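Structures for review follow.
Below, chain A partners chain B and then partners chain C, in two separate complexes.
Here is the complex of A and B:
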């Protein structure tokens, strides 16, 4: 089912917080991740779609049907909360069967369907266990099974992985993606973890102060962020004040870089985004020049962090500190920056 | 490092002794006296005597009915009040809690006279009702009846229920109700299938507490109905009044009152702990 938000505005009573003029369309079967910092309004969007809050302005459509006045119980949505919100006095099987019980499905049928759903999330053997006896990951699977068992119109996930440890979180996000694909269900996944959003979403919506800043594919959001806020939030970034020299060059505090300056007039000020992995590191100037031509800079390591697959280093280039990432484990004495990886923003941002 | 005086055995004793003496002198000793008096004094047959007295059975039955009805009504009212208070701002909630706690500071006698002044034959509310054709005599008879007494008991039982249930409701994760709602459950269903089952131990515990309080209360009953009503506390009162005291029987009745109260409270606690274990 397609979900459309048209000019949706909502503010919490007696506050200035909320979401403003949200225009968003989630296609049938799409997984849209909503990201943003705390208080940006991402959970509010989920609450508005679920019907827990009602917009003061705008239209919410499920398919072509306006639903903004429908109560949550009539919206047929599967919701998974950060705390899972499992019913502690019901077994895993009873929890999963609950939405079917509410719908008046006969006991044998609903238990059979709930058991089948538990089998699909790999928890058939835990059907008789109470939530308190299940691990975080298992509770998460029960919550997912419960949200999917009644074939809802869409799945709403409110930071469902934030209570899990890092390893399990990665496993579970793949599992969510698989289940979503298998069921072909429209899904809105709210998270503050940009890596989680980029890894599983078809598209990502970035919110700031209750306003939608950019809705794009994970690749575009990362490579071509619309604003500095998006660049800062999604991935790590070096944001450098620069001056446009001509159509092909910019002046940075540590030297001139080759880069497309389309849309910027010569002499204008700008901010350049350079991702850490776009900075290429070499043992020496000679090694850098042999591979990268002339635009290379001598550099010195200020801080070196070993992260396993990569090293994250702060390098000083002519007195300016850049953050870089490399798989290279040896000496570092020079760097260069890929031309097509530099992204320019208007200085006013 | 030099140990402070309060971490030495002498220090422990000096700190705990006043509490132990107070507990022993004003709680354990009087209880022992009551037990000894009920079992030994007056020929040691006080329990046999009360068991042979039809007034005891009528009093026990009256006490059970009165306590049960007052506790049940208080539980329902207190639960609904607490449920509403959860949704209020903490500032307004604190003001309301202060107001709700006021009845607990009054003695039973004061509550009874308050009810007489309000609902008695010449009471403010009774006179108001007489303007719309309600007979003051018939209406005021209500306040002096067992039903009226239950109504008066509710006045100081409801705050106890609210104070027991409010923290539990404030700590309840309302996302469970939102989840149930998103799965299609209406308000009533959410309440009876999700909320009440989960906070049932607290509800049972609150009921047991107010039942025990109502079972042993006598001030309000005495002021409203004299000794006409057949309930155990008033039977006990009649045994220690100036005309014809019977201390062994009074002590035996005290033991019965204490036992019923303790039994009910223990049953509540047992239920709560059993529920907790059953879902682990």
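Here is the complex of A and C:
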């Protein structure tokens, strides 16, 4: 089912917090991740769609049907909460069967369907266990099963993985993605973890102070962030104050770089985004020049962090410090910056 | 050490009462002499005690019933509302039992309900209302604590999103989740109601005096009689409060078939 938010505005009573003028369309079967720092309004959007809060302005459509006035129980949405919100006095099976129970499904039918759903999340053997005796990951699966068993119109996930440890979080990410694909269900996934968002979403919406800043594919969001905030939030970044020299060059604190300056007039100030992995590192100036024809700079390692697959280093280039990432494990004495990977922003900070 | 002294101070009079209730004679000696169940039989056959016992029981049970009926929606509403206003009421409710002593409430009742417009002073129901007013905060406090602690608001939102109606949510989620808190709050309320003296003494009528009031008057009689009458009250309220504190607080102990 397609979900559309049109000009949705909501503020919490007696505060200035909320979401403002949200225009967002989630296509049938799409997985949209909503990201932003805490207080940016991402959970509020979920609450508005679920019906726990009601917008003061704007239209919320499920398909073509306006639903603002419907209570949560009539919206037919599967919601997974950050704390899972499993009913403590019901077993895993009873939890999963509950939405069928309130829909008046016969006992044998609902138990069979709930058991089948538990089997799909790999918890058949835990059907008779109470939530308190299940691990975080298992509770998470029960919550997912419960949210999917009644074939909801859409799935709403509110930071569902934040309580899990790092490794399990990555496993569950893929599991959520698989379940979502299998069911072909429209899904909105709220998270503060940008990596989680990029890795499973079809599109990602970035929110700041209750406003949508950019809604884009993960790749575009990372490579072509619309604002400095997006660039800062998604991935790691070097943000460098620069002056536009001409149509093809910018002046940075550590020298002139070749870069397309389309849309910027010569002499104007700007901020350049350079991702750590687009800084190429070499053992020496000579090696750099032989491999990379364009501008190269001598550099010195200030800090060296070994992260396993990659090495994250802070290098000093003519007194300016840049963060870079490389798989190269040897010495580092020079660097160059890929021309196409530089992004310019209008405003400087 | 201080704890031991405190316990001695607390328990010694109780122990003496207990001994006294079984003693045949207790005059000018440290401890009573002889052993008899005579006093208990006498208390049990005393018509004014019998009446008072059942009045107390009735008042306590009625109070419990009304306190649940009012307290549960009240606590639930207060906890769901996030407005400053409800926080203020919560705070007020916490302070009320301390700030407004039962005696003050009783004087208010005497003035109000001895008027021609509301001639209800001395009725059992007024007594019940008095007990409800003074014990309600304890119930609401217990419930609010557990509603927060157990994350009930979110559980209910979950049930709501899963399609449960208000009635279903209340019966399937709110009441079962809070059943231990309701029970433990009830026993506290029961114990308080059974032992309540100040308010009842001032507003009870002659025919619906509660047990503690009749008890005070028994101290003008034989000491053994008074002791055994007190022990009866003591046991009643101890049982109620033990049931309250001992009520299992874990929510996963037993299997409840909700399907």
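What we mean here is this: the second predicted complex is superposed on the first by the 346 of 349 C-alpha atoms of A that agree within 3 Å, B and C clash if a C-alpha of one lies under 4 Å from a C-alpha of the other, contacts with A are read in each partner's own complex, and residues count from 1 in each chain.
Rule of thumb we're sticking to: a residue touches a chain if its C-beta (ideal position, glycine included) is under 8 Å from a C-beta of that chain, and two chains touch if they have at least 3 such contacts.
Just so you know, these numbers come straight off a predicted model, no measurement behind them.
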*In the superposition on chain A, see if there is space for chain B and chain C together, and answer fit or clash.*
clash
*Given the touch rule stated above, what does A:167 touch, chain B (first), chain C (second), both, or neither?*
neither
*asked:* Going by the contact rule set out at the top, does A:132 touch chain B (first), chain C (second), both, or neither?
replied: both
*asked:* Once chain A of both complexes is superposed, is A:85 in touch with chain B (first), chain C (second), both, or neither?
replied: both
_According to the stated criteria, A:329 is in contact with first (chain B), second (chain C), both, or neither; which is it?_
neither
*asked:* Looking only at chain A, is it chain B or chain C that touches more of its residues?
replied: C
*After lining up the shared chain so the two structures overlap, which partner does A:107 touch, if you call chain B first and chain C second: first, second, both or neither?*
second
*Which partner does A:72 reach: the first (chain B), the second (chain C), both, or neither?*
both
*Tell me which partner A:94 touches in the superposition: chain B (first), chain C (second), both or neither.*
second
_Contact residues common to both interfaces of chain A (with chain B and with chain C)_ = 50-52, 71-79, 81, 83, 85-89, 98-99, 102-103, 130, 132-133, 146, 150, 156
*Which of the residues in chain C end up touching chain A in this complex?*
82-84, 150-151, 154-155, 157-165, 168, 172-173, 176-177, 251-252, 256, 258-259
*Give every residue of chain A touching chain B within the complex, in rising order.*
50-52, 71-79, 81, 83, 85-89, 98-99, 102-103, 130, 132-133, 146, 150, 156
*asked:* Can you tell me which positions in chain B touch chain A when the two form their complex?
replied: 173, 175-176, 178-186, 189, 194, 197-198, 279-280
*Where on chain A is chain C touching in the complex?*
13-14, 50-52, 71-79, 81, 83, 85-90, 94, 97-99, 101-103, 107, 110-111, 130, 132-133, 146-147, 150, 156
